[in-house]
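Everything below concerns the one structure shown next.
Order of writing sets the chain letters: A, B, C, D, E and F. Residues in each chain are counted from 1.
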Amino acid sequence: VINPNSDPVMSGVIRDEPERVKRPDTEVEVVNATGAPIAIQSALDEARCTPGTLEHVRSAKERGMDAVVIACFSDPALAAARESTTVPVVGIQESALHLAARLGEKVAILSTGSGTGPGRLGEVLRGRLGHQFASCRRLGLSVSDTVRDRDLVMQRLVETGRRAMEEDGAEVFVLGCAGLGDLAPRLSDALGTPVIDPNAAALKTAEALADLRLTHASPTTHAAPRREPVATGS
Amino acid sequence: VINPNSDPVMSGVIRDEPERVKRPDTEVEVVNATGAPIAIQSALDEARCTPGTLEHVRSAKERGMDAVVIACFSDPALAAARESTTVPVVGIQESALHLAARLGEKVAILSTGSGTGPGRLGEVLRGRLGHQFASCRRLGLSVSDTVRDRDLVMQRLVETGRRAMEEDGAEVFVLGCAGLGDLAPRLSDALGTPVIDPNAAALKTAEALADLRLTHASPTTHAAPRREPVATGS
Amino acid sequence: VINPNSDPVMSGVIRDEPERVKRPDTEVEVVNATGAPIAIQSALDEARCTPGTLEHVRSAKERGMDAVVIACFSDPALAAARESTTVPVVGIQESALHLAARLGEKVAILSTGSGTGPGRLGEVLRGRLGHQFASCRRLGLSVSDTVRDRDLVMQRLVETGRRAMEEDGAEVFVLGCAGLGDLAPRLSDALGTPVIDPNAAALKTAEALADLRLTHASPTTHAAPRREPVATGS
Amino acid sequence: VINPNSDPVMSGVIRDEPERVKRPDTEVEVVNATGAPIAIQSALDEARCTPGTLEHVRSAKERGMDAVVIACFSDPALAAARESTTVPVVGIQESALHLAARLGEKVAILSTGSGTGPGRLGEVLRGRLGHQFASCRRLGLSVSDTVRDRDLVMQRLVETGRRAMEEDGAEVFVLGCAGLGDLAPRLSDALGTPVIDPNAAALKTAEALADLRLTHASPTTHAAPRREPVATGS
Amino acid sequence: VINPNSDPVMSGVIRDEPERVKRPDTEVEVVNATGAPIAIQSALDEARCTPGTLEHVRSAKERGMDAVVIACFSDPALAAARESTTVPVVGIQESALHLAARLGEKVAILSTGSGTGPGRLGEVLRGRLGHQFASCRRLGLSVSDTVRDRDLVMQRLVETGRRAMEEDGAEVFVLGCAGLGDLAPRLSDALGTPVIDPNAAALKTAEALADLRLTHASPTTHAAPRREPVATGS
Amino acid sequence: VINPNSDPVMSGVIRDEPERVKRPDTEVEVVNATGAPIAIQSALDEARCTPGTLEHVRSAKERGMDAVVIACFSDPALAAARESTTVPVVGIQESALHLAARLGEKVAILSTGSGTGPGRLGEVLRGRLGHQFASCRRLGLSVSDTVRDRDLVMQRLVETGRRAMEEDGAEVFVLGCAGLGDLAPRLSDALGTPVIDPNAAALKTAEALADLRLTHASPTTHAAPRREPVATGS
C-alpha cells in the first residue's frame, strides 16, 4: 500500500485500515511516497506525488509484493504505475466504484473539503458511474476538523448521507477520501444502507488478483514496439 | 452457488471451478435449480429458470450462507433474487466484467454458440462496458463438441482470441460461459494477456462481500412502501 | 389485452379504456393473467406475473388474435412473450413513450405511488427517452385513494403536471399507470398540452401492426439455432 | 400528404401508397410542394422545398385536414411546420424509425443513391436509433434505374438486405426513400423479417393521432412569448 | 459578416464588434440579409432568414471575401451555406462553444429572453458541450429593455452569472446573443472568469481559416454524385 | 512553444512550423523541456516530460509571453500547466480537433507508429470527437524512416488518407504528430479535402487568445480553498 499523501492523520487511517479487513494470511506493508504533498487536491499535486509513487511501484516485484495499492481517492499515477511493473496495481477509487455499482442502482460519494458546486471530482465520478451516479457531496470540513473531532465528522456524514438518500436517490455510499474509510461500518449502521471504505475495497481487489494470479495487460500487448524511438501519439 | 442450467458438462465445471480458486477457509455448496432448462439461451429460458433459482435464494439465509452466486453468464433472476434476501447475491457476468474493466482498456468476450452477427448478448455487454467493449466473438462450437474435445475448444479459443487482439484491439478476455471457465489459465498463457473465468471472479466477489459484511441496498430503502397495494410502476 | 395485475379498479380501467379509443371494426378482448399480484411494483412482482401472462400469449394465435397488448406500465414479460408467438405483442409503456417523443421535445411521466427521489422507474424512462426525458413525478397517492376519489386524483395530476411544466420544461405527458389512463383527455384540457393514455397508445399500435401485417422479428432470425443444446450466453 | 419532391416516379409511389394501407374511412389527399427540387439530397435542397411545404401546412386546418404527412425521408421542414399549425404534422422517417425500434433489436435502413461510406444520412439515423442502429446501406442505383426496372431494384434490395442481416445483425428494415415504399411487403417475404414502408408508418401515425385527438405541443407552451421582439436564441 | 436579424440595436453591435477585435490587416464588411425577421426565435424564423442569408453567401467569393461569418447565435442556414460556396463559413455559436470548451471544465450560456425552463436552446447547447455544459440561463429582459438601459443589462448579467457559478459550477461564460457581445470584457472583469463574445470568437476563427488557407470539406467529397437526380436521403 | 520531445527531426518541424503560419506581428520562441524523452509514447513518458515542461510554463509570464503552446500531440501536462500560470496554455491536439470538427462531419487522424488495432490514442480521440470521429490510422513508419525519406512519408499519408475517406467516411484530416505538421498543405492538395497541421492550429489559437485577452479559468474559481490542507479529492 503506497500512501502518496503526507498528512499524518490520513496516513494513520491508511496504515490501520488494511489490517482491519485483510484475510489472516495476507501480509500488508504501508509505505509513504517521498516528496508527497500534504494532500492531493489538483493536477499539480498529482504531478508532484508521481515520482515518489512510481519509485515504490518499480521496486515492488523484487521486494516480493503480490499486489500494490495506491491509497489516494484520485488514483494518481495509476496508468504510469501499470506501465512500470507486472505486479497488479490497484487504485482505491476504481475499486470502490466498481464494488458500489453492484450493490445498488444509485451511488453517492461523500467527500471532505468545502467546495461548492459539482466540481471536478464530481465530473470524473459521473463519467465513471454513468447513470448510476447519484451525487458527490462535500462535508464542509477541513482536515484539521476531521482530526480533532471524529464525532463531528460522523454527524456530518449522517446528515449529508440522509440528504443524498432523499434528494439524490442514493442507495449506496462511497467514502471519497482515504482518511474517512474507518467510519464506513458506523455510517452504514446509521443510514441502513451499504457504505464502502475505499481502502477496504482496494485491499479485497488486491487479494483477489493475487489469488487468481491475474494482473493488468502488458503495455507491449497493445502499443507500438517501444525500443525504437517511434513517435506514436507524440 | 446456484446452477440454473441442467446440462451435465456445464454443471461439472460449475461444481469444480469454485473449489479450485476459493480461499482455504471458504466453504462452497453448489446446488441445481429445479426445472432449469438445459441451457439459458433466450428470455424464455430465463423466465423458466427463475422460480427454481429464487427458491434457493430464499432459503440461503436460514441455511447459513454468507453469499450466493448465480452461475450463468446471462445473470438470470438477479434483480428479483436481491429483492428476496438480505444475503449478498452475485452474478458471474457482472463480476467478470467489473474485474476485466480494470485490467486493460479493451475487453473482449469469448462465447460458445454458432450465432453470426453481434447478437443480443453483444449488445448487453457493449452497454455495460461502454467504450471498453472490444467485441463479443463466438467459437462456433456446440456444447456437445465442447464436451467431447476440450483440445478443440482450446484451439478455437486461441484462434478467436488472437483475432480479437489483432482486429478488435482486445487486451483482456472474459470467458462468456460458465462451462468454459476452467480453461482460463491455459488460455491466458497462450495469449499472453489476462483471461477471466467468470466463476472465479464471482467467487472472489462473494468472499470480499462476506469479509466486509456488505450486501446490496434493501429495496425498501429506495422504493415506495410495499405493504399497501400502491400501483407504483404498474 | 392481457391484464397482469389483479387489482379490481385498475382492471376496470384496462377493460373499458380500449373500447373508448378503438376503431369501430376492431374487436377487443381483455383477459386476466392467472396468479397475478395485486400490482406490479418490483422485479419479484414481474417474475410472478410472467407465467400467467405467457400462457395467454401462447394461445393468442389459435384464438384468432391479430395483436396482443400487455397492459402494465412496466411492460413485464415482453421479450419472453415475443419469443413465444408470431402474433405482434405490444407493451403500453413503449407505445406511450414512442408516441410522446414525437409530440414535443421534453416528456414527463406522472405516476401513482408515494416514492420520493428519482427511483428505478425514472431511471428506466430516462434511458429510453434520452435527452427528451423531462422527469418522472409521483402523485403521492395510494391506489385506495385513487379508487375512492377521482376528483382528488385529477387535482393532483393538474398540480403535479403544472410543476413539471414550470420546473422540468415538460411539454408532453405520459400517464405512468394503466389505471390512470381514462383521465388523459381531462388532464390535457386542464394543462393545455398533450397527455397520453398508455392503453390508448398501445391499442393504436396494435391496430397499425395488424393493418400493416407486421410483427416483431423472429428470434430464429438473429439467435443461434435453438434446437441443439448450444450454450449461447449461458 | 405533402410531397416535397418533384420527381414523377417518386410522386407516383407517394400518391398510391397511402391508398393501399389506409383504413376504409380515412380520406387521403396528396399535394405537391411548389418549387420543390427533383429530389432532396442536401441541406440546400431542404431549404428549397421548405417554403412550398409550409404553404400547404398553413392551409391544412381550413381545408379540414385532421393530420398532415410530409412525404420525404429526410423529414424536411418538420419543426417549422409544427410551429405553423395546430393540425398534427407527421414525418415519414420518424414514423418509420419509431415503429421499427419496437419490432426488433437492430434496425437497418436501405436507401437509393450510390454514395460510399457511412455518409450524413447514416449519422442522423445512428443518432436517432442509438444502440438499435445496425447500418444504413445504399443500393447503388440511380432514380432512373429505379424507374425502368423494378425487378432490378428488388434484386438489389434482397442482396443488400441479406448482407445487412449477416454482417450488421439487422433484424428489421426501413426503406429509406418514399419512392421505394411499395416494395416493402415483397422484400419482407424474401428476407423473412419485418420491412417497413415509411409512407405506411406515417399514415398509421396520422390516423392514430386523429383518432386520439392528439397533436404536438404548442410552441407557446415552452418558448418565450413571441409577439415582442425578444432576442431569444438569436 | 452576414446579419440575419433586422433589429437595429443588435445590428449595431454586430457592425461595431468585429472592428474592435480584428487584426489591423483584416478588412470586415457587414451586410444585412434581405427579408430577415426582427429576431431569430424559432424554426420558422430560421426558415425565413435562410434565402437572404444564402444570397450573400453565394456572392462572397466573387466579391473577394476570404471568410464569411453568420452573426446569429442559432447559427441559421450554416449547413446550406457551406454547400453553396468554397469560402469558409463560420457560425458564431459554434465558434464561441469550441473556444469556451478549452478555457474551463464547465461552460454556461447567458441569453436574453424571458423563457422559463430549460428550453430548446438549452437542449442544443447541452448536446454540443456534453459533460462540459453547465447551464443556459436567461436574463429575463426584452430587447427593448436591452436597448434603453445597458447598465440594467450588465447588472442582470452579473447577478445571473454569479448564480451560475455558485449553483451550476460554471467556470466559463458565453454570451448567447450577438447583441450582447460588446459587454463581454466588462462582465469578465466583474465575475473574475472568462466571458466569450461570440462575434469575436467567430472573427478570430475566420481570420485563422483565411491565414491557414483552410475551408470546409466539399459536399462532393462525401455525398453521392449530385448532377443526376439520385434520391439519396429523400 | 514548449517542445517536450528531444528527437532532433521532430524538434526541427516544431521550430520551423510556427514561423510559416504566424501573423507578421507575432513573435515565436521555441524551447525544449529539460529531461524530455525522445518521444512521448506512454503514460510513463508523459510523467517524465512533465517537470521540464512545467518549469517553462512557470517562467512564461515573467518572460513576457502572451500565450504558451505545448507541442506534443498527446497534450501532456496540460491541466497541471494551467494550474501553474495565468498565461493561456494551448495544447496542439485539442486545437487541431476543435478546428477539424468545424470543417466537416467526420474527422480522421493520421499518425506515425506501427501499432495495429485501434489503440489508446484512438480511444482518447473517439471520446473527444464523439460521433464526428472517423478513425485513427497509423502510417506503419518509424521516426527514422520519417527522417530519411519525406517522399515515402507523403506517399503513405496519401494512401492511408484515401483509405480513410473510402472506408471510414473521413472528410477532414488531422496529422497526429507534431513532426508531420509541415506536410499538411501538400497532403490537402493530394486528397482534395482539408488537412490540419496541429502546430498551426495551436499557434492560431494562441494568437486569438492573446488578441482577445482571454485565458483559462483560474483553478481558485472552482476548487475548494487551497491554502489549508483540505483533503478534497484525496
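The rule we apply is simple: contacts are C-beta pairs under 8 Å (C-beta built on N, C-alpha and C of every residue); 3 or more make two chains touch, one makes a residue touch a chain.
Values in this document were obtained by computation on a predicted structure and should not be read as measured data.
Asks: If you take the mean of the Cα atoms for each chain, which one ends up farthest from chain C?
Replies: F
Asks: Same or different for chain A and chain B, where same means more than half of the interface numbers show up on both copies?
Replies: same
Asks: Report the chain pair from B-C, A-F or A-B that duplicates the E-F interface, where duplication means over half of the contact pairs agree by residue number.
Replies: Of the listed pairs B-C, A-F or A-B, the one copying the E-F interface is A-B.
Asks: Just curious, how far off is chain E from chain B if you go by their C-alpha centres, in Å?
Replies: The mean C-alpha positions of chain B and chain E differ by 52 Å.
Asks: Find the geometric centre of each of chain C and chain E from their Cα atoms only, then give the gap between the two centres in Å, rounded to an integer.
Replies: The answer is 43 Å.
Asks: If you average the CA atoms of chain D and of chain E, how many Å lie between those two points?
Replies: The computed centroid separation for chain D versus chain E comes out at 31 Å.
Asks: Using mean C-alpha positions as chain centres, tell me how far chain C is from chain D in Å, no decimals.
Replies: Spacing between the chain centres: roughly 27 Å.
Asks: For chain D, write out the residues touching at least two other chains, lowest number first.
Replies: 105-106, 117, 119-120, 165, 169, 222
Asks: How about chain A: which of its residues touch chain F in the complex?
Replies: Residue list for chain A touching chain F: 5, 7, 10, 38-47, 50-51, 54, 72-74, 77, 79-80, 82-84, 111-115, 117, 119-121, 138, 142-144, 146, 176-179, 219, 222-226, 228-234.
Asks: Note which residues of chain F are touching chain E in the complex, please.
Replies: Where chain F meets chain E, its residues are 21, 23, 88, 90, 94-95, 98-99, 101-106, 130, 165, 169, 171-172, 185, 188, 192-194, 196-197, 200-201, 204-205, 207-208, 211-218, 221-222.
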